[in-house]
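Shared between the two complexes below is chain A, which pairs with chain B and chain C, respectively.
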Partner chain A sequence: MDAIVLIQGMNILYTVLALALVMMGLAIVMGLLNVLNIVHGEFIMIGAFTAYAVQAAGWPYILSVPAVFLVCGALGLVVERLLIRPLRYDPFDTLLATWGLGLLLRKFVEMFFGRAFRSVQVPLPGSLQIAGHSYPTYRIMIMAISAALLVSLVIWFRKTRTGSRIRAMVGNPTLAEAVGISTVALARNTFVAGTILAGFAGVVIAPLVPIEPQMGITLVVNAFFMIIIGGLGTVVGLIGGATMIGGIQSAVSAVFDPTTAYLSILALSVLFLWRWPRGIFPRV
Partner chain B sequence: MVLRRTTTRRTLMKSIAAGSALVGIQSFVGVSRAANPLKIGVFVNDTGPASLFGPAQRAAAELGADQVNGAGGILGRNVEITFVDGGASPAEGAKTAVRLMLSDKVDMIFGSHDSAVRLAIEGAIKGKVPYVYTPVYEGSDCANGSYFLGETPQQQMERSIEKLAAIAGGKSFYLIGNDYVWPRTTNGQAKIYIEKIGGKVIAEEYYPLGAANNFESSIAKIKSAAPAIVLQTLVGGDNVSFNRAFSDFGLSDSFARLSCLLEENTLAGIGADASKNLYSCLAYFANLDSPANKAFLDAGKKRYGNEAPQQSTISKGLFDAFVFAKAVAEKAGSLDVAVFGLAADGISFETPSGTQKIKNRNAIKDMYLAKCDGGTFEVIDTFKAVSPGQTC
Partner chain C sequence: MAFFLASSILLLLALFGLPLVAGDFWAYQLTLYYIYAIAALGVGLAWGQAGILSLGQGLFVAIVAYLAGYSLIYAPFGSAAYAGIVLAVMIGSVVAFIIAILVFRGRTESGPSFSLLTLALALCGYQIVGSWSSVTGGFNGLSNVPALPGFGGFLDLYYISMSMLVLCMSFVSWLFRAPIGTIWRAISENERRLGYFGYNTARLKSVAFMISALLAGIAGGLYALQQNLVTPDLAGFNFSGDLVVFAAIGGRSTAFGPVIGSVLVGALSSELRDRFPWWEIVIGLLFILVVLRMPGGIVGFLSTLLPRHRRKAGTAEVVKAAKRIVAKPADIAMNKIHCSVGEVQILDGLDFSTTDEKFVCVIGPNGAGKTSTLNVLTGALAKQSGDIHIDGILIANPTPAAIARRGSRSQVPDPFPISETEPS
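What follows is the complex of A and B.
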């Protein structure tokens, strides 16, 4: 009994942290900039394909990280300049525009790689012993990466000058501009950071998921459930949402069955949209 | 990387150009028969979750049409394909079927798509034209004018359960699948054969289709339940995610896995590093070593060059549909649904995976049990002429 309880506990923690990692970029872009970035899933997909391309070329897996910074960084810059900025960061306009961009990116990747499944080898195979039970090394590393990123995000947002500038811009853009903050550059950098985080998450999860042009769609659905429940624009909301969605999914799956788990998440999302549309931890 | 991809695209364009040239030549040669072509509407997965099969489905259908036209067409008429999308919603599928009949005036409809779309199409065509459904399916469909060339649960389970229990050295099964009709029916059949060999089902679990599923909790349960065999009816991306996680958790050394919808594309997603002790039982594998299969694949290479899409049982069935339709139409001398139906029963035809024979509108066929060897299948057993077990 102890073994399975411990492993299931680790599984819940893993699910929550992996979900937080995948959604971090979206939480920044949607939470701070109010851009309803449907194309987030495709940025993750492009990250995963970058990892695939690096591995297929015979290079070490770690090189996918700088590669994805370049690919998704450049993509983020172009998208911000040509799509998001001309639409003045309007939530509804960007929703439609990024939806279209998502279609385009899927077709673009399909043109080069086709629709078939690809797979990427786990860069750290094997498992580690935790309290006498083994758990896959790579999943432990994902948990560590996600936790480290979450902590850095809190520190960056709360303690750095850039963080306080972003808070100023989000709170009152006109006033921020008046005190000499270049909100155009700041918003651009924030968007690009979100894009890179999405691509990075794609690199990290690539060895665990089927890699194909449509892969972003299912991922992004969970992201929106998470944001509905967690609330927009705060790191606590991100962690809260991930904990609620990931935790419920794992716990209900473990105790009852996966279909019930999915149903309870849908029900909870509907309930939140109806009663508490701003989520548990909204930005004040 | 970028440079290499560009050349790939260029060669792709070349082969498309070459392909269209071939099509041109062929229609020129067949001009006498092309006057009154026999039109066949073919549903393929151009969009949707199964769209990765789309290119191979189109190729298999085109090769089937080539084969039939090369042998004098059907009833002396050249066949002409109208491709339509079977990857959208059932309602869309029904509308498309009506359009095929009313405006394209097709003589027959073939399809490789999911069962929900099949039921909608059957509802729309109401037995007015013969309809040939080709992929793996759950059975128990007796719609008027429908024929089924794909594997039924009985065919997949009847012999493989016993064989796999012998390989695994145990008779306990853990059933895991997606939550819809095909996995549940297949597991229902599996339980009958498991009981027959005196085995037992330890657990039965279903995951929602199309959700972002995580399989860690099931894997923990499987590890602690320690079955001899994990019987999977997961499809597509879930099949990949589950088996990758299974291997990452180090379970592939200890437990045998039989996946009921594991073909070449899914195996490519699972990857060579996660396919140890993984088995599949289907009516076709692309590396079957037979003259008929070699001829089929060579025709594909000739027509599409190196860009020929990867064939699998899901797509190859559409090739069979053309051979089947020609055989039946020639026996019946007509495409009238009633006459066609009488002629279909008991008819035999040759496919790339061996001879098939129609019984109760389903096909008796050879089934192959394969073990994954890295990224490829190795057929370890052939079950001859397995009955579909249907009673239409």
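What follows is the complex of A and C.
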């Protein structure tokens, strides 16, 4: 009995943290900049393909991390300059423009890599012993990475100069500009940070999922709903949304089946979009 | 006018003759894209007119396609077959209306949350239909849907779909010119203001969404007939996305746009995507270009090249709104109004009344709650408790429209236009 509880608990924790990792970049871009960045899923996909390309070139897995910083960073800069900024960070217009961009990137990757499923080898195979039970090492690694990122995000947002500048910009862009904060550059950097985080999440999850050009769609749709349920623009909302969705997904999957779990998440999203479009933990 | 008639007749003749010239395969393909065009027309109507973008329009295509498929399987004979399809289309529209009115009631912003909600609903539908295989045939779909009695071959279906498309286009272009079209466009410009004019904007928007679902439903019924097969993919992410792309690239603010989008982008894509992999990249670029630079799409772009085709926008006479309000002084009484937003208490037990035909000025320092008082009075800001009487009549549910009908009206459209142009 103990073993089942422990393993189930670990599974739920893993689901929650993996979800938080996947949605973190979107939470920043959507919560702080109001950009409904539906191309987030494609950035994750590109991150995963970067890991695949690094492996195909015969380089060690860890090199995908600097590679994805370059690829997704450059992509983020270009997208911000050509799409997001001309649309003045408007939620509705950016949703449409990034929808089109998603279409474009999926086809682009498809031209290079084809539609076949690819895979990346797990960099840390084997398992660790936790209280006498074994648990896959790489999963524990993902949990650690996600938790570390979440903590540093909170500290970065609450304690650093950049964090307080961003809060100033989100609160009142005109005043922030008036006290000498370059909101254009700050918004650009924040957006690029979000795309790099998305690409990084793609690198991290690459060994565990089938990699193909369409993989981003489901991820991004779920991440959207999570952020909506959790509430925009707060770290508590991010964790809350991930916990709620991750918890429900694991619990309902364990009791019923994954389809029912997915359905209940969708139903919950519909309920929130209908009654509480600002989520559980809205930014005041 | 003569030009318009002549070109319409030529176009109709071309549509009639096309399958005879182009051959069976193209007749079959074009039928499919005419059907998609009907659904895209609905997306364009709700989006281009009322400003409601549905990212899950495929749901209504799917609902009607399944219902029509069932009714054809179980009652394939005589008038029952037709009645079944009509009933299915009606059910789809009613479902859409109920969803829309539930969401729009008591909410004036039509931002992206409705779009995401339609997407979530469509994905729900996809999952339910896909996993409920005992009834729906699961992901393999509902197969062997029989043909309509009396209409067997795909040439028949070509003509049925074409006629339906022409009919739907005429209906939609009539709506564009009708007073309701003007009001929809006004709502998408400034919904709050229309509320102050006494229009029930929630209901008007829901009607727009219902009509767009009606078109989706017609497409769904035709789809079941043409394909003899209904699969959950109709409710999937990609199909709804395609409809949005068709409407956007073709041009969402005309009746021709979505149709041209479907036939040109859709039918050409199905031909070219295998031979030229970059074709769909071109489509993606075109879509982004539409969002960035030419909201009118292809048709809008072409009509700027041909000035004589430019429509006289907004010439339709506006219907009589609420009953004409004669400026008579109203007795206003607000009792114990409590209003707070988030954690901020704005009005705490406010009592305010005007009587005796006096001109009232409200003076106070910044943040005193002058505007909030007016906003509560006009229904723009929800109060938590207290009541409002106008001319002694209790206003139970103060929406802007309800209060405007009683004679109170805010004339402050937006005092700080600069706040809209700043990135946030």
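The rule we apply is simple: the second predicted complex is superposed on the first by the 284 of 284 C-alpha atoms of A that agree within 3 Å, B and C clash if a C-alpha of one lies under 4 Å from a C-alpha of the other, contacts with A are read in each partner's own complex, and residues count from 1 in each chain.
The criterion applied here is as follows: a residue touches a chain if its C-beta (ideal position, glycine included) is under 8 Å from a C-beta of that chain, and two chains touch if they have at least 3 such contacts.
Worth saying up front: this structure is predicted, and the values here are computed from it rather than measured.
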When chain B and chain C are modelled together on chain A, clash or fit: clash
Contacts of A:T259 with chain B and chain C, given as first, second, both or neither: both
Which superposed partner A:E80 touches (first chain B, second chain C, both, neither): neither
First, second, both or neither for A:T174, with chain B first and chain C second: second
Partner chain(s) touched by A:P277 [first = chain B, second = chain C, both, neither]: second
Partner chain(s) touched by A:L103 [first = chain B, second = chain C, both, neither]: second
Partner chain in contact with A:L95 - chain B first, chain C second, else both or neither: second
Chain B versus chain C as contact partner of A:E42, first or second or both or neither: neither
Identified clashing stretch of chain B versus chain C [93-101, 183-191, 237-245 or 363-371]: 93-101
Footprint overlap on chain A, where chain B in one structure and chain C in the other make contact: 111, 221, 259, 262-263
Of all residues in chain A, those that touch chain B in their complex: 3-4, 7-8, 11, 14-15, 18, 53, 56-57, 111-112, 114-122, 125-127, 134, 136, 138-139, 207-212, 214-215, 218-219, 221-222, 249-250, 253-254, 257-259, 262-263
Chain A contact footprint on chain B (complex, rising order): 1, 5, 8-9, 49, 51-52, 54-55, 179, 205-208, 210-214, 216-218, 220-221, 223-224, 236-237, 240-241, 244-245, 248-250, 265-266, 268-271, 273-274, 310
Residues of chain A that touch chain C when the two form their complex: 34, 36, 83, 85-89, 91-93, 95-97, 99-101, 103-104, 107-108, 110-111, 170, 173-174, 183-184, 187, 217, 221, 224-225, 228, 259, 262-263, 266-267, 269-270, 273-274, 277, 282, 284
Chain A partner contacts - residues on chain C that touch it in the complex: 53, 102-103, 111-117, 119-121, 123-124, 127-128, 131, 237, 241, 244-245, 248, 277-278, 280-281, 283-285, 287-288, 290-292, 342-343, 418-419, 421-424
